[in-house]
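Below are structures written as structure tokens.
Two complexes are shown next, each including subunit A; its partner changes from subunit B in the first to subunit C in the second.
Right after this comes the complex of A and B.
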């Protein structure tokens, strides 16, 4: 564990920028997001969980898969430097790990790299994640529902704790240990720092809401598939898709071509969501998820039933963004409570 | 690391119009690069994404059999924007494909058993692949019965080939059209009804059903009535697709993705997924 006095943090980031392409929380007008760092002085270390989810660092809103000219296909070169993320919160660090299960692995088809996503892997595999422990969780935070907590280091390479006067860098993964071990010129964290860290973690835990037990939710949801509970829950949903676009784990995408046939153009993938009717609309006009409630059910079942069946985890880390942006106040925690309270 | 999103190049070698409305065209594609040909191994029931640069992609079942090594065959119905452009293709044009994708009809499991193949309309593509494959490995299988229905006699696809099969004594071809038509001396009636009339024996028999959703929906209960077990009945499903490798998230039925867990499912598997029906 090393300690970086706050007035020297720019120095640390600048050193990081020598080999890494660094992303950190930034302001874009009224919104907060993760942006490439050009000047460490511009990093706002006070930003809590960013409005926009950091998934876009590794899975951009729109990403060029390749360019073409006539019949020729050209791969697009990207910044070859590995990515370092500074200031990622625990929920988001775990979200990236969930996305890595989808994109980074051939989980469904072991040993077959046809099922690995090269665009994700070229960014995420070599990345280093500096996560910031949350000292003051918000009312919308519910990471503790998923066995995590505001000071949990899962999914991070290095956990960073703000003790007021300094950042304490606590390596979590092998990659993190190696990086911290390679640094020179930084003091070890003191006993006093460790005491402060412990106290901060305790305070943060206290600020979290009560844990809601979700055991068996995947079977419960499956049993309720055809039940009217989805009509009740979905009645006010307007299918705007804001929840999915802001979500740190939603990862459905569309593939579209830009440009003209036989000319210059590019194939891009763009975020998409199961909330939109066209998502599953077939060329014949048939739509297997015709009704608003069918689509709402799909989103929640993907998170709390299907993903568990396929990857043994919930596809939600309790970041609370969807709770904040939903225009009709559809709270994912209420959905879970309602489902768990429903008789199959 | 391989990149599944990059299509391989194919040349359109032969085009055949299958119906009087010219809404169904069969395309035989050949590999432009020898290396791609070597790497492309598939089984009956698998599909490819056709990839037209500047237009987009659409998934189609492979109608050729892996035993036909010189070409890949597809039959495309003109329905949406991509398929419309596909119909404008001419012999000699180059296109991209990605694949093969998905699972396949369990031809290994079928070995030593009788196989009943039930198809409807132009969904006969992967069934053709299966039939050609089994005929090529004829001694591995018992009786092969094909029940194939179309709205009218001219709407059967692969008519010449079916005529050839009708001449053989090692495959039973039962064609049916919806309503009587002039010059048609075969069966009339919908596929489910005709299946009930033919009533194939369940004895050591596997069934493969592929056709329009409405045909599948009414044929499955008939098969159950005939006492076929759920794990002896296979069907092939379709959904809107993009990536074809289980990432983009749109072709799922419940926890299963049609593109990687399917498109072939047994009725036993489907009964566990309420969204499948």
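Right after this comes the complex of A and C.
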């Protein structure tokens, strides 16, 4: 564990920028997001969960997969430097790990033949994640429902704790240990720092709301698939994609070609969501998820049933972004409570 | 109006069988929020509220794949602010809603709170408690408590609103106020008009570049009810789907023109936007044009057709004939 006095943090980030392409929380107009760092002084270390989720660093809203001209296919060159993310919250770090199960290597097992997505892997595999422990979780935070906590380091390479006067860098993964071990010129964290870290973690835990038990939710959801409870839950949903696009774990996408057919153009991958009617529209014109409640149910089935069946985890980390942005206050926590309270 | 009056009124409507369902607002899960509720029993009516947090335009629940609501045999009641009632009127004049099947219940509106403005007042700190009366708002958080006039934090659309109470209703809880004058309603549009075309374009680009194409603005809008929205047309595809500025602008401009003479300026789009884009400016610019050219103010009376669906012999044709 090393300690970086706050007045020297820019120096640390600048050193990081020599080898890494660094992303950190920043303000873009009225909103906050993770942006490439050009000047460490521009990082806003005080930003809580960014308005836009950091999934876009590794899985951009619109990503050019390749370009084509005539019959020729051209790979798109990107910044060759590996990505470092600074200031990622625990919920988001775990979100990236979940996405790695879908796109990357995290769910490779000898008995399956999962497709690995090269566009994800070329960015995520070599990346290093500096996560920030949350000293002041908000009322919309519910990471503790998923067995995590505000000072949890899962999904991070290095956990960063703000003790007031300094950032303490606590390596979590092998990659993190290697990086911290390679650094020179930084003092070791003191005993006092460790005491402060422990106190901060304790305070943060206390600030979290009560844990809601979700044992068996995947079977429960499946049993309720055709039940009227979804009419009640879905009644107020207006079926926009705000929740899905702001979500740190929603990852459905569409692939499209832009340009002239057979001539010049590019193939792009764009975020899509089950909330949109066109998502499941079939060529015949039939839509198996025709009504808004069907689409809403799909989103929650994916998060709390299908994903658990496929990858052993919930597809939600409790960041609370959707709770904040939903225009009709359809609170994901209430959906879970209603489902769990419902008799199949 | 008291909450008690509201609940009692809804209860008697339900128990007397005058309606089968009432769409209203209930308490939300975060301070300063409300959430749409669907009340089909007298007991459930106790969850109804009405205050400055009731920002949703509930007329949207009569449109899109819910339009069956007002067409089947159910009798539906709906709580409306002034702007919401204008949306209903628009949908009735456009034959989307059968007037006979809807019981319109007006509630007195003093403007709805824009939580982004409230959060701005406390430097982005988390608000843990929110209370309001019809004149002021009090917020509390860790180590702060602040009270300020309601008018300082109401939505921009409410600041210029002169029809706060329902223009069409079956019953009104409390006393409905007469509309004010529209004369100075478009001050910010006039400021915008003073910019040259390049400056206006820049301003719009700056706003819309934050768009994530979630379509929350479209989906909360009671005037936006095409069976298939042009952005969802994919055979052939009408516009690009990426959040690239050209396609994003096309979406917003076409939507804007499609609701020309149909937008009631309720501001639901702006409040729904997760990226805080000032969507209403362009809508209000168009609304001002419609008012000045055709003398039409959308949704103000069942006898008035929407400007683009109407023709009067003596209407202004300068822009055609030169």
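Worth pointing out:
Everything below uses one rule, namely that the second predicted complex is superposed on the first by the 335 of 344 C-alpha atoms of A that agree within 3 Å, B and C clash if a C-alpha of one lies under 4 Å from a C-alpha of the other, contacts with A are read in each partner's own complex, and residues count from 1 in each chain.
One rule holds in what follows: contacts are C-beta pairs under 8 Å (C-beta built on N, C-alpha and C of every residue); 3 or more make two chains touch, one makes a residue touch a chain.
Every value quoted in this text rests on a predicted model; they were computed, and no experiment measured them.
Applying the stated contact rule after C-alpha superposition, one finds that A:68 touches subunit B and leaves subunit C untouched. Applying the stated contact rule after C-alpha superposition, one finds that A:118 touches subunit B and leaves subunit C untouched.
Of the two partner chains, subunit C is the only one that A:245 touches; subunit B does not reach it.
Using the contact criterion defined above for the overlaid structures, shared-chain residue A:256 touches subunit B and also reaches subunit C.
Contacts of A:338 after superposition: neither subunit B nor subunit C is touched. Legend: residue contacts after superposition of the two complexes on their common chain; A:288 is shown touching subunit B, with no touch to subunit C. When the two structures are aligned on the shared chain, A:10 is found in touch with neither subunit B nor subunit C. Touch criterion not met for A:126: it reaches neither subunit B nor subunit C.
The interface of subunit A with subunit B overlaps its interface with subunit C at residues 254, 256, 272, 281.
Of all the residues in subunit A, the ones that touch subunit B in their complex are 65-66, 68, 71, 73, 75, 102-103, 108-109, 113-119, 121, 222, 225-226, 251-257, 259-263, 265, 267, 269, 272, 274, 279-284, 286, 288, 298, 301-302, 305-306, 309-310.
Touching subunit A in their complex are the following residues of subunit B: 1-7, 9, 52-58, 79-80, 83, 85, 94, 96, 213, 238-240, 242-243, 245-250, 252-255, 257, 260-261, 274-275. Residue ranges of subunit A in contact with subunit C, taken from their complex: 28-31, 51-52, 61-62, 136, 138-140, 232, 235-236, 238-242, 244-246, 254, 256, 258, 268, 270, 272, 276-278, 281, 290-292, 323-325, 327-331, 333-334. Only residues 28-31, 33-38, 56, 60-61, 64-66, 116, 126, 128, 142, 206, 209-210, 212-216, 218-220, 228, 232, 234, 237, 240-244, 268, 271-272, 274-276 of subunit C touch subunit A when the two sit together in their complex.
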